[in-house]
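Two complexes follow with chain A in common, the first pairing it with chain B and the second with chain C.
After this line comes the complex of A and B, so read on.
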């Protein structure tokens, strides 16, 4: 260990750089007056917290909607991404490399373009303004991330273990539940977490497709930012961070419970 | 356990032919070796027998029943891969029980079978370990146990010893041979190592360039390879031009009885170990041009009359470079192509 002091300085600078914004958010939620050049607020108040958490009914509605939409989006994404990633990761076919790149297309085209285009289609299908419609649009944006992560996992794990299981007499179902799923679980978890976060933080897509009827946390947050009610926005931001973290912890907990000693790609 | 028969098996991937017209019969309970250089198609043949691939043409027959289109799941022909493919998330015990569970073996029978085979492969004390915690030899024994516990029709070993250190390799060869002796399963060993093939089995099939070159005893393959391709794969041989007339091969080293039709342009094969150096006067005088010591033997390069250069593999290390010596041909079959 050379330069222990330098290492400590670098470490604490990074720690400060990452935690300071969150800390200032926390302080902001209880500050009624906080002006330059004061280091800390001059007047404290609970009223922002109380109004958002206890008085505003829309908070609960938005939280429930956000979580429900993110959970459904994650489920739909994995359902589509796992078979797609397996095919792209393991099977040899003409145009495989091109398809692997095209999977990322929804992220390369400006999001608003995709959303406007889909809005028309969803109106025709009668899905605009519904949770289902929002989930479909969110999935368009989560699918590239999830597929990409899972392609890498399938390429890493390979087909050998499935072949070995088949030779040992396992049925396709047993191969899926006892070999493939446990082996891709770390990647599956990453893909799920990423999908959840991407869905949870969508604003424009929810705004357009939900048509104002589907209220989510970002939809509550943004107007307050624009109107300068920065303390209310801070409360929503903290709520946003905490519910995302709680969901990730829940997902990890479930995986750990069902896949004890899960293989965390220790190659 | 089963008798395995391949009938005119072909396999191609697109334009590329991997196996051409392979016909082969392996007896019930036999330890059989499939020898060939890498890329010769021997691993593909193994996968065809296991049902991981289907042949482009031809038949795979187990005990007189056509298994060509039976799925891997129902074949009970199990490959033990070079890197063992142990399920990394399952313990030794769970790995070994995997196939029994797949086959719906009742709990009590399953436990006793796993228990017995764990004893046979000396892994009782490691049964709760994960594969990541095992040594190479232990992993291989788990892989063998996982396959053997199912009493497979045939056990297919794909380059089983090439990942092991030299010392361990020999003891695992002995272990596999003893296990096969004891359980009497039909076993096909795929290897690129000719010594390994010769030592492990009584019959060896050699595949070179997608084609079966010869199926024979190790001695016959070593001393009388039927094709030039096989001879080239075995290596360690000198080739001398000459002619065949009336069952005799005439070349710079003399006249040798051969079993070949008359030909004006023949090539005779003299193994390096078939030639010997001596200081006693003989018909072929030569000079040692180069020498390289390899422990149990020494490789010499010798030039003889008319500028022929020959390699000799000798247990004697005392000839020196530049020495005038005599060369003799030891009595052993000479092959011409």
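After this line comes the complex of A and C, so read on.
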């Protein structure tokens, strides 16, 4: 490197820019008084941590719900997105470009509009107020991301390896498990992580479809944010960040264990 | 890898197609004794604003254990804003969903008006709540009218709030006790006063309090709820607010979006005052070390706006019997005393002191209301009524047109 010092400066300023907000969140959770112009809080207290983590039973319930819903949403999303992305990425048919654009529609129409309409339908189906209903509505918002990511992966990988495997006598099942899935695994992982995070951070949709029966972390966080109880909000935010990070690490870990990086497409 | 996918698909389809039975409406009990009997062992859901740990803790750590111990009912509190609750109920009414999720809601003012006129509420039910008939004054204005809207037994008072101002004796020796004194104080300390922009609940109440100061309560109360008429009546007050604006924070080019922001700016020392619709708010903030120990509550000499907040039942409440018992419990002497305690919530009681036994009265009057606040009887003495809910939106609109966007 010709400019080691410049490189270091850039590296550390990026590191600071990304970690400073999280650090200030950590400090906020224990700061009872943090008045302008003091750089650090003047009074510290465990009160906020205790009230959220120890005294409120809803915290555990919300964490479990959030994780369960995000996991189910991710599974449902991938189940729908993989075949759809393969079709859109590899096969030529009339209206393909239009469909590729339409896939993004849920992101262009305001979420609240989609949710209100779906709420009525889900009430008729008896799914409003259930985990299943929340998973369905979250999937509407995770599908566009997952499908877009996977379309690109399928376009990149193509189907020549699958054809070759078929010619060599592999059964459709073997092609799926030994050829297709390993080849798209990096994309699949990105799509899964994206879906998980999008589902985990849903607020309004969970609110409407869950109808308050299904409590998730954002449902507990947002009221405190709106009312200015920022320390309590900070505790929930950290919980939120840590549980998403842990889930993502778990997903990566499982994938690496099964695929050991042997077939990984170098992207 | 294929098997886990099939497994997941199976799990998902099982999850998706359970709970498809269509429930029917529940029957409401005819009297309180029936409610007590059938409600035992049930779960009752309370939906309301969940942004205050103090309020949440009163429900979770005071009301819920008492309800469980005395009546065998489990309380489930769900934090949800009233706008979203009403949206949900409206959709459920459209879908003709007769068995909802919500048993009791926390409501008042414009939202009560909307809910009542849209048929989103169940009732009248107040006369079936034992503590309502026993402990609450039937003649009190706030038993009969909520922001000028006739209640007609569709809701029961839960607590009383009042707009209070908070300043710091160490930084402002004399508190402004009238609109004119506020103008003088702002002129002497430019940039150190402001208020949250309506439709913020508290900011909006402040604007109405200024209207009372400048043109009087009767003038606005007697005006018809039409924009033109109200504009003519409150014009001097809007002129006053424009005069005041020159000396406000950022010279009034912008206003804080909400009152929590205002309080944070006061806590950080940027502003000389803040305000709250919770009369004992300052005590809690001082106890939390967020406000300095020299912070002190004050009112305008001629009084501040107060309102009452209520609980009601949605048209499709699934456990109406348990809801009646919960409401009965919420307005019991013990719960109201705990609610007044600043260590819990610090909200004024709704009970009629004349109807209490000597022992109950002592219980209520012995409550710790904390530092930096005014005594309960002074608050109730200098308490001004609210105007009709429909006028509030009009006033907020006029403020935006003539003060904010001038």
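Here, the second predicted complex is superposed on the first by the 256 of 267 C-alpha atoms of A that agree within 3 Å, B and C clash if a C-alpha of one lies under 4 Å from a C-alpha of the other, contacts with A are read in each partner's own complex, and residues count from 1 in each chain.
Just so it is clear, a residue touches a chain if its C-beta (ideal position, glycine included) is under 8 Å from a C-beta of that chain, and two chains touch if they have at least 3 such contacts.
Owing to the predicted nature of the structure, the values given are computational and were not obtained by experimental measurement.
If you put the two complexes together on chain A, you find that chain B and chain C both fit without a clash. In the superposition on chain A, contact is made by A:43 with chain C only, not with chain B. Figure note: vertex chain A, arms to chain B and chain C, all at CA centres after fitting on chain A; angle 160 degrees, rounded to a multiple of 10. Using the contact criterion defined above for the overlaid structures, shared-chain residue A:161 touches chain B, although it does not reach chain C. The larger set of touched chain A residues comes from C, when the choice is between chain B and chain C. In the superposition on chain A, A:61 makes contact with neither chain B nor chain C. In this overlay, which is a superposition and not a single complex, chain B and chain C have their closest Cα atoms 15 Å apart.
Common to the chain B and chain C contact sets on chain A is no residue at all.
Every residue of chain B that touches chain A in the complex is listed here, in rising order: 50-52, 71-79, 81, 85, 87-89, 98-99, 101-103, 130, 132, 146-147, 150. Put simply, chain A touches chain B in their complex at residues 160-161, 163-171, 174, 178-179, 182-183, 259, 261-263, 266. Considering their complex, residues 32-33, 35-36, 43, 45, 47, 51, 55-56, 72, 75-76, 79, 116, 119-120, 123-132, 135-136, 173, 176-177, 181, 207-208, 211-213, 215, 219-220, 223-224, 226-230, 232, 258 of chain A touch chain C. Touching chain A in their complex are the following residues of chain C: 1-2, 5, 8-9, 11-12, 15-22, 45, 47, 49-53, 56-57, 60-61, 78-81, 84, 87-88, 91-92, 94-95, 97, 100-102, 258-261, 263-264, 267-270, 288-290.
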